[in-house]
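One structure coming up, written as structure tokens, with questions to follow.
Order of writing sets the labels: A, B, C and D. Residues in every chain begin at 1.
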Amino acid sequence: MAEHDERAHRDEWLHTWIGSSDPDHIRLGGLDLATEVMGQMTLTEVTYFLVTRRQPTAGERRVLDAVLVSLADHGLTPTALAARLTYTGAPEAIQGAIAAGLLGAGSVFLGPAGDTAEFLAAAVARGQAADEAVAARVAAGLRVPGLGHPLHKVEDPRTPRLYALAQQEGLLGPHLMLLREVAAAHEEQTGKRLPINGAGAAGAALVDIGVPPGSARGVVLVARTAGLVAHLAEEALSPLGPRLYAEVERRASDP
Amino acid sequence: MAEHDERAHRDEWLHTWIGSSDPDHIRLGGLDLATEVMGQMTLTEVTYFLVTRRQPTAGERRVLDAVLVSLADHGLTPTALAARLTYTGAPEAIQGAIAAGLLGAGSVFLGPAGDTAEFLAAAVARGQAADEAVAARVAAGLRVPGLGHPLHKVEDPRTPRLYALAQQEGLLGPHLMLLREVAAAHEEQTGKRLPINGAGAAGAALVDIGVPPGSARGVVLVARTAGLVAHLAEEALSPLGPRLYAEVERRASDP
Amino acid sequence: MAEHDERAHRDEWLHTWIGSSDPDHIRLGGLDLATEVMGQMTLTEVTYFLVTRRQPTAGERRVLDAVLVSLADHGLTPTALAARLTYTGAPEAIQGAIAAGLLGAGSVFLGPAGDTAEFLAAAVARGQAADEAVAARVAAGLRVPGLGHPLHKVEDPRTPRLYALAQQEGLLGPHLMLLREVAAAHEEQTGKRLPINGAGAAGAALVDIGVPPGSARGVVLVARTAGLVAHLAEEALSPLGPRLYAEVERRASDP
Amino acid sequence: MAEHDERAHRDEWLHTWIGSSDPDHIRLGGLDLATEVMGQMTLTEVTYFLVTRRQPTAGERRVLDAVLVSLADHGLTPTALAARLTYTGAPEAIQGAIAAGLLGAGSVFLGPAGDTAEFLAAAVARGQAADEAVAARVAAGLRVPGLGHPLHKVEDPRTPRLYALAQQEGLLGPHLMLLREVAAAHEEQTGKRLPINGAGAAGAALVDIGVPPGSARGVVLVARTAGLVAHLAEEALSPLGPRLYAEVERRASDP
């Protein structure tokens, strides 16, 4: 008995809350997968549930869906091109092409959603005002995350929409509000007006609905995976990879 | 003008139906992202829409959600362990840990959903009966995809649930039906009773709701990404990777 | 004691021949890393040693180096482009850009080295003649691996060089010889003259020097990693990714 | 003519120094691959050449090989386990298992070689003394890269060996020397004696032989790819992944 307890204790670190199986049941966060999850919950609800360990309210679900669909795809981005070019070499291993597409979600593309989430959450946790938080970044020579977009220079069309949805659902929380103040403080301190970008608004909204800041970058990748699957479906029908390669080769070899 | 036409023609291969941006708008499959997608469509609906190029019916959406949530996670699988061990070495690049987790979705794990989709779709396209399709695989020394599970030896709990849901929604189509006949033919030809596994039923259901068979493996990975994000959220709070490594090291070095 | 033996036995599967560490020593294949490997062996020798578990002869080393350098890089291939585009999004996680580049090494690019290795090794193991081996592939509607190249339509410049080097070193073994006969048999059976490509010759040479056929694809990736590192070094100095993206975007949005 | 010049100019960004092909030749850094690289250069020399754009001296080559082999493998690390567990799910796509293994080369494992290279190069470039450089890190609450090891607490066996080899070859340059002073300054400032770890010494040595600091992390991955290929060769013969999974599952489900 003592031995059994000790072993149970020794292996506690190997337990996971997320999922488990036995011959007759599969459980997800303690729910029975077949009867309590399948047919009852959407992928968005399961994503929320697995990451936060509680069911989303209707409003949280609606905001989460808005965030996810806002970042699912933006056409022939470096991420989509990397996935399609990987498919060119290894069409039999579609998981590799998707992984290649996700690997570009870093500090420049997509990652800023998570960076904004972490920046705002740290400021809120410290009770730091927007102008202090901005001043600290500017002093350290760092960019303020969540601001500016190479294409949407005046306004990112996703941002007002996400704020409006959060407001409608009563979920315009401290992180979305701080981000607005951050944009104003940034303009005041630098003289440069940068709009809140869609990734930044997404990151703020995720924290406001309860997603841990460190999971924001990952949550966004669930949606991006959907976009990449669509690119690979299109690539299978009308291959862009081989033609892009051929054109690059030809132009690179031009005397 | 002629020159412009020529260029437009020359670059047609660079067009994508999936997404595009200009300074004021982002479009997804021709819809305006901010007004027609955000707040209007769920991630599941967008996934379906981007892959099939039409909106799902309520029934298709429900079956797709059931498929997705059924494959989101199964605990500490090799896939989850690979993601968590990758996080141990590179916690700052969460996209890499998720990519590492997806890379194990091949012929043994998760990939069988897509393999079953392609096997059934080929048989349906050829008008091949279940016993012929099975006999051809058996003769070629190949496994019949979609059958058998190392843990759920009698019945995979996801399978009857998915069939019931498809039936309820009037979407018990030719691929799900053929898979049942395939299981029966397999038992008859080999004397070995193998249950339809959850991945196989998922693959069949995806084709029945209109997902291209070649995209089934990818669609499943959207859900798996959600499970991996949850594992990494848990790993950040209660790290399993370093302890698993330490234990393996210690036991591997045991004289 | 009995308990200890049982545990030792229980954990045998966790032992690895490849490497181990204790506070004072690191071992690689039983050699002391600091004194017997560092300063004594090249990367090529260590690669050979770790994969085959014996030291290469001078000839094996020379052939292995020739194979490796022949596949290190070929300019702006889909693989190099995928790595560079991934770097565009995540320059802080260079391991992700390299991984993205390697993921395109599949059935179309680079992978054929390993496919040829496995095809030839299976034929040699079965004592199958070239014409039989070719006929079996052709009958099954499969391509014969190792033949043909989109650019080097008459002769791949790497092939005669690799054959000459293997000959010089007395290592023109059964797999390289069979591959020549395979090319001849293919021409006879199909009327189509396809040169032996560099990847195919590389795969055959690897098996002739003792690399397990299933490791040939992997061994080639060691060299390709070097090429990808060079592309990322160049990308850091003269970024191609952002310009390629901008041009694709512009042309894709052309009315 | 003017038009041609303009086009040549327009596409300059698409040129690469690294590699190119035409029907009869393949070039690597301007050398003819078949005659000037194959049979003439080792993989280590090609790696050095492609990254630095010049041939290494005999001493640079020896130090580079010592660095590479010192980091090729250390047994069942998280990186090797991630690769082997990925192989469990997708044995047909070995490039994916290797990629999964590389993805864990981040801030905790392997990455520190590159981090040390960049830290030392920045200090040398600024003419900063060791105690200033250390004080700046300590003040910022950052770890000093290149110091300390979880297992080799007194001395990392690779470090004195690498210093001795660099000395023998007349390549004990400013970065290796600074790293020694950094270790001393760190002990003085913190009262904590941390040995120079093998990754740190490797990073310093790479910069001393002319590798750009930003390429150090990548160069190390060339060697790690070799170690991963060996793990996958072993995994194919004596699979550890499925047993590790089974044991984890069993212990995780223990009541």
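We adopt the following convention: contacts are C-beta pairs under 8 Å (C-beta built on N, C-alpha and C of every residue); 3 or more make two chains touch, one makes a residue touch a chain.
Only a predicted model underlies this, so the values are computations on that prediction, with no experimental measurement involved.
Touching subunit C and subunit D together: A, B. Of all chains, the one whose CA centroid is most distant from that of subunit C is A. Here the CA centre of subunit A is 30 Å from the CA centre of subunit D.
One finds 35 Å separating the Cα centroids of subunit B and subunit D.
The multi-chain contact residues of subunit A, meaning those touching 2 or more other chains, are 14, 16, 20-22, 75-76, 90, 92-93, 95-96, 99-100, 103-106, 110-111, 244, 248-249, 252. Residue ranges on subunit B touching subunit C, taken from their complex, read 7-8, 11, 14-16, 20-22, 90, 92-93, 95-96, 99, 103, 248-249, 251-255. In the complex of the two chains, the subunit C residues touching subunit D come out as 13-14, 16-26, 28, 33-35, 37-39, 41-44, 46-47, 50-51, 62, 65-66, 68-70, 72-76, 80, 93-96, 98-100, 102-106, 110-111, 114, 151-155, 157-158, 160-162, 165, 198, 212, 214-215, 217-219, 221-223, 225-234, 236, 238, 240, 243-244.
The residues of subunit D lying in touch with subunit B in their complex are 75-79, 81-82, 85-93, 96-97, 99-100, 103-111, 241-242, 244-245, 248-249, 252.
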